[in-house]
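Quick one: the structure is below, and I'll ask about it shortly.
By letter and in written order, the chains are A, B and C; residue numbering begins at 1 in each of them.
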Amino acid sequence: MSLVQRALSGDYPRSRVLAVALLLILVGLALAPFVFPGTRSLNVAAKVCVFILLVASYDLLLGYTGIVSFAHTMFFGIGAYGIAIAATKLGPTWGSLALGCVAALLCSVVLSLVIGLLSLRVKTIFFAMITLAVASFFSILASQLSDFTGGEDGLTFKLPVSLAPGTKLLETAVFGVEINGKVLSYYIVFFGALFLFLALLRIVNSPFGRVLQAIRENDFRAEAIGYRGVVYRSVANCLSALAATAAGILYAIWLRYAGPDTTLSLDIMIDILLMVVIGGMGTMYGAAIGATLFIIAQNYLQDLMKLGTDAAAGIPLLPNLIHPDRWLLWLGILFILSVYYFPTGIVGRLRGVK
Amino acid sequence: MRHAHSGPLKQAGEGALLALTGVNTHIGHYHILQGVDFAVAQGGFTMLLGRNGAGKTTCLRTIMGMWRASAGRIIFDGADIAGEETPAVARRGIGYVPEAMGIFAGLSVAENLTLAARDGPIDTSRLEWIFGFFPALKKFWNLPAGNLSGGQKQMLAVARAIIEPRKLLLIDEPTKGLAPAIIGHMIEAFRELKRTDTTILLVEQNFNFARALGDTVAVMDSGRIIHTGAMADLAGDPGLQQQLLGLSLDAHQ
Amino acid sequence: MSATKTSAAPRDPGIDKIPLALIPLVALVALPLIPSLPTWVTLTVAGLAMGMMIFIMASGLTLVFGLMDVMNFAHGAFITIGAFVATSVLIPLARWSDADSLWMNLAAMLPAILAAMAVAGALGWFFERVIIKPVYGQHLKQILITMGGLIVAEQLIHVIWGPDIIALPKPMTLRGSFILGDIAIGKYRIAAVVVGLAVFAAMFLVLNRTRVGLLIRAGVEDGEMVEALGYRIRRVFIGVFIAGSALAGLGGVMWALYQETVSSAMGMQVMILIFIVIIIGGLGSVGGCFIGALLVGLVANYVGFLAPKVALGSNILLMVLILLWRPQGLYPVAKR
């Protein structure tokens, strides 16, 4: 028990349904290569891992610190491009991957500190507007510097041999599944995301995390108590950026690709917002629930909607409304309702918190 | 919505224009007004005194509907206005001068007064009357109000409240931060106002100012009214002053 | 603007002219950098035209923020909707729009613009009532809710107009350029400058010469005091919100004709420029917004000509420079 307690930093799900759901997600992701061996389902599982980490790192900002940033995908992209550029320019070795990681993390630290110190002193709205402008500038930059970033096409790159799908790592199959480089990559993603998620959980449950929440609740009073609000918020911004960068690194390792549409685009930023709000702001577990539901829905709900569209063919407008590409419409409505009526999202509901 | 000037006989009860009964106000987690009871008679100046943090400003803001009273009744001119929105309260004929004066700094003196005269163009004879005791406003008529000095801003704030006849004026610390000479000027101006039989509820920290103008007095402490009576009685009783306000007039002079 | 505490005669400082001087300054700095005078004239007109269009779209947003402390991240949706409504009117009227007659063109354009403004304004009204009203004073929720509104609006555009980019040619009269010697000036750009100036002048007159304008200016400074004077600031606010949305619709039509295409992503693309403009101008200031928009338009065109690769970053750089000089923007709005 004490191991669980330490791993979760004493922050239990506090709801039986939530605990079961989280356990299902954990077990499902841990055994994904064996339980869901298909290419598509393994892709979904890896994406879930990455997005749980990405959304959790965003929740550190939005839910725990009360800051709205639109630059989160920028840090995600820095991670992905860091790996991709290092691997294409320096060759597919472990050394170049490590160098790419370090460079990406350093770049994120510097950028997040600069943005934070320049604009965190001012209003929430101002920060949101500035980050939106900076992030869009960054994604334009990535598509313009095509010699370096591959432009709109992005970069497809090779990983070290042991991570290549063609590399057999064990002679015998385990439970009928061949243990190859792809499976190894998956477990790097899985354990990387799990470890960092637990680290984030530890941060928000530490004294530092409680100060952040105090600042969010009442900036003025926390300042009066003697905490330097700007410093704390800048550090939170920086930690969140680092975790997002790590998520980008894992994602690039999994996809062996980095491009504007998979990491930098505003659409991904909006996806993150949807996941964190629907899952539950300020709960960390909400990130896990939100990301899992969202990505599964993204990949499978659309099939269902397709069936609906075909069935509704001939009725005006209705086929358009339930067209698979329109699923964001319904999520958007769900999002608005969540913000009004369940600001703590699914997790808050499950915990019975108003 | 315009009323003819209603005489004292038409008032309910003992001729009170404004009567607060058991008014409570919460701001966030704080319980500021804890059952305020007092009345302002038609005509004359009522001084609302009390230490810092006693709840005087909150009291005025609650009357204006800027804070919502959580309990109690606020009867003005025969109607319960507790729970009404600020614009509706103002349109019943209450003028308000907040502690921070609420001057629109980017608007000229003229524009500030034009906006305050909500029933139409400014009445020129009334404006000349105001210019009589606030001549600076005439002088700087087209200047942005933000460029006026502190005293001139206060004059503008008061002028804005009286640019049209109001049944009741709520004025929050008009002497705050003003130099003694300007306070003297203010007293003269308010004496002029007093001749028009305007009813005023005035929050004040400056006891000399209050004594010079007040007819009746109400003293607040910790969100309640702890004393009401004639201003002259309080002014002539240093012991009572000490007890209610923690000051002695002699030491203050 | 020295403090006049002791002197009894404060002087009228007038408006702060330094930001005004930035526009000719930028144009003059660009002059020696650009190889030929005709090119410079063309670029300057293009920059002013772009600035005017951005101003039309941004002005409502900055006023709404000034009045009610509300930042509507979905403002871009009104721009997009305006453009799409215009396609619905203009495409059936293509024959009039393509005719070589000013009157025929106008007969197509006017209904398109009016319809775009009406729909965007109505949508603004709905938005204020349903989406924004419950979250006054809560910035975090405002940002989230309006982003949600943006998602839904964009999706509804797909439902109604389909997911494809729609081509929207300029009316015949506004195609091509006026040629003066070596100088070519796009006709449409002139038209955009004229419309932009007209909107600015109208807004200036309303704000400075009418009672509603007085209320708006006073409300931007201190809404509570406006209420204490007996005015319902909410009504003023809804009016401004609707007018700002309608202007966004107008700007959307102009921008779409300028680009000659309409896509559901256009609102969000322009929004980034709009945010930069209102940050530069000072949140809540219409005059600042006007100058900021012209600066952004000019800089984008000059840099786009001199160094196309960094053109899109030039506006961010401009914003950073101005914020380093004046952290509250060109014209900080006095708040209580």
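As a working rule, contacts are C-beta pairs under 8 Å (C-beta built on N, C-alpha and C of every residue); 3 or more make two chains touch, one makes a residue touch a chain.
Predicted, not measured: the structure shown is a model, and the values here were computed from it.
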item	value
Innermost chain by mean C-alpha position	C
Per Cα centroids, the chain farthest from subunit B	A
Subunit B and subunit C, separation of their C-alpha mean positions in angstrom	43
Rounded Å distance between subunit A and subunit C, as computed from the means of their C-alpha atoms	34
Whole-Å gap between the CA centroids of subunit A and subunit B	57
For subunit C, residues contacting two or more additional chains	none
Residues on subunit A engaged by subunit C in the complex (per definition of touch)	62, 66, 68, 118, 123-126, 128-130, 132-134, 136-137, 140-141, 144, 266, 270, 273-274, 277, 317, 320-321, 323, 325-326, 328-329, 331-333, 335-336, 339-340, 343
Sites on subunit C touched by subunit A in the complex	65, 71, 73, 131, 134-135, 139-145, 147-149, 151-152, 154-156, 158-160, 163, 268, 271-272, 275-276, 279, 283, 309, 312-313, 315-316, 319, 323
In the complex, subunit B residues that touch subunit C	64, 66, 85-87, 90-91, 96, 98, 100, 102, 104-107, 111, 114-116, 118, 136, 139-140, 142-144, 146-150, 160
Subunit B contact footprint on subunit C (complex, rising order)	4-5, 8-13, 211, 214-215, 217-218, 221-222, 224-233, 334, 336
